[in-house]
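What follows is a pair of complexes built around subunit A, which joins subunit B in one and subunit C in the other.
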Partner chain A sequence: MRTILFILQKEFLQIIRNKLILGMLFLMPVVQLIILGHAADYEIRHINLLILDQDHSTVSGDLVHHFKASKYFDLLPAANKYEEGLEQMQRGEADIILEIPLGLERELNRGESAEVHLTADAINGVKAGLGTKYASRIIYDYNVERGRAAGGQIITPIDLRYSNWYNPKMNYATFMVPGILVLLLTLVGAFLASINIVREKEMGTIEQLNVTPIKKYQFIIGKLFPFLVIGLMELTIGLVIGKLIFHIQYQGSLVIVYSFAVLYLIAVLGLGLLISTLSDTQQQAMFIAWFFLVVFILMGGLFTPIDSMPLWAQKLTLLNPIRYFIEVVRMVLLKGSNWMDVRWHFRSIFIAGLILNGLAVWNYRKTA
Partner chain B sequence: MKVLLSLIKKEFYHIIRDKRSLLILVGMPIVQVVLFGFAISNEIHEAPIAVVAPNKSQKVLRLLERIEVSSYFHIVRFLESGGQLDEVFKEGEIKLVLLIDKDFSRDLGQRKTAKLQVIADATDPNTATTLTGYIEAITNRFAREGFSPLPVGKQMPPLIDINVKMQYNPSLRSVFLFVPGIITVILLLISAMMISITLAREKEKGNMEILLVSPLNPVVIVLGKVLPYVILALVNGWSILLLGVWLFGVPIRGDLVLIFGEMLLFVLTALSLGLFISTKVQTQQAALMISLIGLMLPTIILSGFIFPIESMPLPLQFISHLIPAKWFLIILRAIMLKGATLHYVVKETIILGIICLVLLGLAVKNFKTRLE
Partner chain C sequence: MQKTFVRIENLTKRYGEVEALRDISLDIKQGELFGIIGPDGAGKTTLMRILVTLILPDSGEAAINGREVVKDWKYLRKHIGYMPGTFSLYEDLTIEENLHFFATIFGTTKEENYDLIKEIYEHIEPFKDRKAGQLSGGMKQKLALSCALIHRPDFLVLDEPTTGIDAVSRVELWEMLGKLKDEGLTILVSTPYMDEAELCDRVAFLQDGVITEVNAPDTIKKEFDQPLYAMNSKDNYELLMGLRKMDMVRSAFLFGENIHVVTNHSYGEEELQKAVLEEAGIRANIRPIHAGIEDCFMSRMMD
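Up next, the complex of A and B:
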């Protein structure tokens, strides 16, 4: 026990002594959480609309007026030719082009239905879909209005109402901040551990440690425990930021979150240890850690929902520890899920921790 | 020149000798592109939903069948009443509940407005919006096809119809949007990381001092370090670009030479960034932390890869201007997907060039040619 305490003291001293590392362990996550929490927003607000009114009639003027009154679109200066519009789209300035062809009013007056054309820059499919939806709704409303003026009526066959639970204001920060917190925890807490051990290897100091009476398990605990503590401290700081800066109301029990965080950190630290046993240089360790991190992050359900992945990819995410933590944090903090709701997550992360640490220790004995 | 060549040769040996690192450097981006190209999308398939339908009449069943065959949804549960919704959502599987009014069929039959309610789990606002949008589209089509299109009164004037054209990406595949983004992110991270770490490594091992006291010009030393990585990064960039084309059918509508030039500029920018980082740090650990923790999330989030930049608060939009990945992403998307020529992306190219020069200047200025 005393031996472990000495190692812990040495490790903590080494971390604290290095101002750069210390700053990066605490300052960088805080700054990133604050900045990125504000940046991660899918909501599409400004859609640049270019109107080509070739009809120049009362009807087309009315229609243009309706578009001008809408809050969804930012209107670009009108163009005269479709080609000009397309060129602006190619430059990325126009998102949607509304073309009102010549003769719209004449056809309507003749009692025929007439067509307007919408062209959307569909590289961003979500934006294109949303923009054309808004535009269609404006045109639909205009139709209804014209109908009413003429004494007709349009009955909507189905009335669909929405409610959005748990996040009625559709606030993205509420959704993203807990997830980003998980990432930062993983980045700083866990993967540094692998580098830390490989560093001893690369500098040759590990051989000195190996010839001392320190047992392997003491060494491993001494190496990993500081990062567990740092990870939990970061979680705490992050939760406070979420509360104070992003005004997130935590619904569920923090005890669940912390318990899960401990199990999670143990699992990820195990992965870090495993990586360190597989590499000889910090560079190698880093590349492997980097690979896993990018995969874990992009496939953890943080930025794009896991439901949108193909089935095989959804199965793969079952191996991704970040996925479980993100889900637990969101479920517990935002919806108030209880122990029973997340028992499956606890079981999975516990097994992952056992396997990863088991492999790491087994491999460590062999190579050291 | 001869000195430079031999330095480059030495650096190449370093890279090639370490089989594990080489495999990682070349293999990993490929694995990532394949994985992400398939997995990252914002189209949702087979989302699990629950239904409350007190009255399972013919019309209700037909609507549910529509929803089930749409491939967007999978109805996993029927609930007795709306009372248990909270528990259902807390379990986490169900993302949306559809409540069908008990008079739904009757109202539809009598040309009244039938009522439907959708409750979405909005902890993820994006999924919630997408799913309710899908439901809306399905019910609209259902209403229009089965139950007389927009019942029209006698004096109803003719309607204005809408003809929608989806330019550049008619089938709305999100892989078109994401492949250029993946290329950008991987290229930036791998270039900046590789160079900052190799240089930090030379420092840490003390080799840097040996190189500096040798008769070599510091410029030659840096060039010898950077050039091999330029080549490696370009190989990486092209391999993932080609994968995107072969595997995902992403078009390259623009000029290949132009893409090559822009990619070279971007790689140089990323390497300058790495070079700059390496001048600021003494150890590999520090280099790693800055290039990994400091660059990864900002590049992913602030470059417009996933989140639209125009939705961000103004100060962040300003910060995003400083992110080289943002400019390259705009350029790459324009050339690949829209077939833009240099004329269209000249502004972005100039900005990227300026960022590159500034970073390179900073790196050179901070590069210490003296011993500590």
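Up next, the complex of A and C:
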């Protein structure tokens, strides 16, 4: 036991002395939260719309006006030919082309149905999808308005009204900040811890340690524990920033969040240890850590909702520790979920921790 | 006769295709300063790493003070001091912090064993708040030695301690080893420098994983039975090339200002001088000499 204390003393001394790591530890949460919290936004605005009005009628003018009034679209100077529009799209200037064919007004006035044509640049799938949706909505609204004005019979579909619970103003920072907190903790656990262990290998200091009576478990605990502490510090910094800068009201119990964070960090530190047993240099450790992190982050439900993944991918996310933490943090902090609501998450992260640490220790015994 | 402290029997270790150690057997006596001399890649480090319980041999046995290195590693790690070939202390910790750390994990304190490291540590104590990474090669070596000694080991193993440090530090280091030996410590030291062999009680010559000779340096020198001459001329390089072409010359190596030449028979100086003038066309100064330790090893390597 005393040996562990001495190792811990040494580890903290080294961490404190490493200006880069120390700086990162405190700058990372501040910069990431503030930048990502403000910039990351799922709402798509500033869609560059090119309108090809070949009708030049009152009706087409009205329709164009509706698009101008929308907050989602930025109108490009009008073009005359469809080919011209496509060229602009090719250059990446236009995201969506709205083509209003000649005779729109005439056909509508005759009571016939008329068509407009939307072309979207689907390189950015989200922008194209949401853009055409917004555009359809504007055209639909215009239709309804025209019908009403004409006093004609409109079959109004079910009027849809919605409200956003738990995040009434659809504040994306509220949504993002908890997710980014999770990424920070993961970075500390998987990245820093594994690099720290591999450093001993790379510098050759492990050689000197191995001829001392230090036991492997003492070494492992001595190496991982500081990062558990640092991880919890990061979490605290992040929560304070969320409160002070983003004015997020934390609904649930912070005890649940911290308890889960401890279990989560143990699991991620297990991953870090596993990575360190697989690599001999810090560079290798970085690459392996990157591989895991990118997969975990993209499949973690922060950027893409897990519910919209294909079924096999949804199943796969059950293995992803990030997923559970993001859910717990959002549920507890934003929704005020209690222990019973997140008991399934606790069980899962506990099992993940057992598996990851088991693998790491097994592999560690084999190699060292 | 002193009792055997380290017993090595038929030790073998291979790395894939390479046989790093082939059937090595060796005894080191208690209180001995024992040297392993050999070129790079001879297997010196492998042998030492087996002795300090860092790696396992493929076959054979080794025991230190009656304790098997494979079975009793736990005991041995508390009683061995090891200084690896590359500096392996924490460069971001200070001299004092390094020493403190290694003392504590051995369950001791710097003060408790200070008498053993005093002479070494005194050299670096004025810089005790300096980080280990900022020390010179010689100072790093002294710190590493202090850390290897802080738990008062019975057996000290040093892997090429003089490689890469300056001449003054080399001399100092050997002086310290001599003093530690006087304290009763058994010391095993490896070196690629043949001249350092003379500073050991006994040396083993290790080449390609095989020990070709174990003896006291003086005995090795006495046993050298080949005719040996020192030669020099205005252009030693030309002379060396010429000598190596001659039939009567077994080997010729440059040692400082002279070329040491082993011939196939004993010759008179004039006889030899004439032959060199005729065959190599060079006028050389020639005198017979007694073999130094380096001559012995060079001739071993030729066999």
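Methods note: the second predicted complex is superposed on the first by the 327 of 368 C-alpha atoms of A that agree within 3 Å, B and C clash if a C-alpha of one lies under 4 Å from a C-alpha of the other, contacts with A are read in each partner's own complex, and residues count from 1 in each chain.
The definition used in the following text is that contacts are C-beta pairs under 8 Å (C-beta built on N, C-alpha and C of every residue); 3 or more make two chains touch, one makes a residue touch a chain.
From a predicted model like this one, the values you see are computed outputs, not experimental measurements.
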Query raised in the report: Aligned on subunit A, subunit B and subunit C: do they clash or fit?
Result: fit
Query raised in the report: More residues of subunit A are touched by which chain, subunit B or subunit C?
Result: B
Query - subunit B versus subunit C as contact partner of A:211, first or second or both or neither - result: second
Requested in this report: Would you sort A:254 into first (subunit B), second (subunit C), both or neither based on which partner it touches?
Outcome: neither
Query raised in the report: Does subunit B (first) or subunit C (second) touch A:338, or do both, or does neither?
Result: first
Query raised in the report: What is the contact status of A:284 with respect to subunit B (first) and subunit C (second): first, second, both, or neither?
Result: first
Requested in this report: Report for A:299: first if it touches subunit B alone, second if subunit C alone, otherwise both or neither.
Outcome: first
Query raised in the report: After lining up the shared chain so the two structures overlap, which partner does A:30 touch, if you call subunit B first and subunit C second: first, second, both or neither?
Result: neither
Query raised in the report: What is the contact status of A:229 with respect to subunit B (first) and subunit C (second): first, second, both, or neither?
Result: neither
Report summary line: Distance floor for C-alpha atoms, subunit B against subunit C, superposed on A, in Å, equals 10
Report task. Going by the contact rule at the top, pick out the subunit C residues touching subunit A in the complex. Result -> 52-54, 74, 77-78, 80, 82, 84, 86-93, 97, 101-102, 104-107, 147
Requested in this report: Going by the contact rule at the top, pick out the subunit A residues touching subunit B in the complex.
Outcome: 20-21, 24, 28-29, 32, 35-36, 38-46, 63, 86, 89-92, 104, 107-108, 111-129, 132-133, 135-136, 139, 142-143, 146-147, 150-168, 170-172, 174-175, 180, 183-184, 187-188, 191-192, 195-196, 199, 279, 281-284, 286-291, 293-295, 297-299, 303-305, 307-311, 313, 316, 327, 330-331, 334-338, 341-342
Query - Complex contact set, residues of subunit B against subunit A - result: 18, 20-21, 24-25, 28, 31-32, 35-36, 38-48, 85, 89-92, 95, 108, 111-130, 132-133, 135-136, 139-140, 142-144, 147-148, 150-170, 172-174, 176-177, 186, 189, 193, 197-198, 201, 281, 284-286, 288-290, 292-294, 296-298, 300-302, 306-308, 310-313, 316, 319-320, 330, 333-334, 337-340, 344
Query raised in the report: Okay, in this complex, where on subunit A does subunit C touch?
Result: 2-3, 6-7, 9-10, 13-14, 17-18, 203-205, 207-214
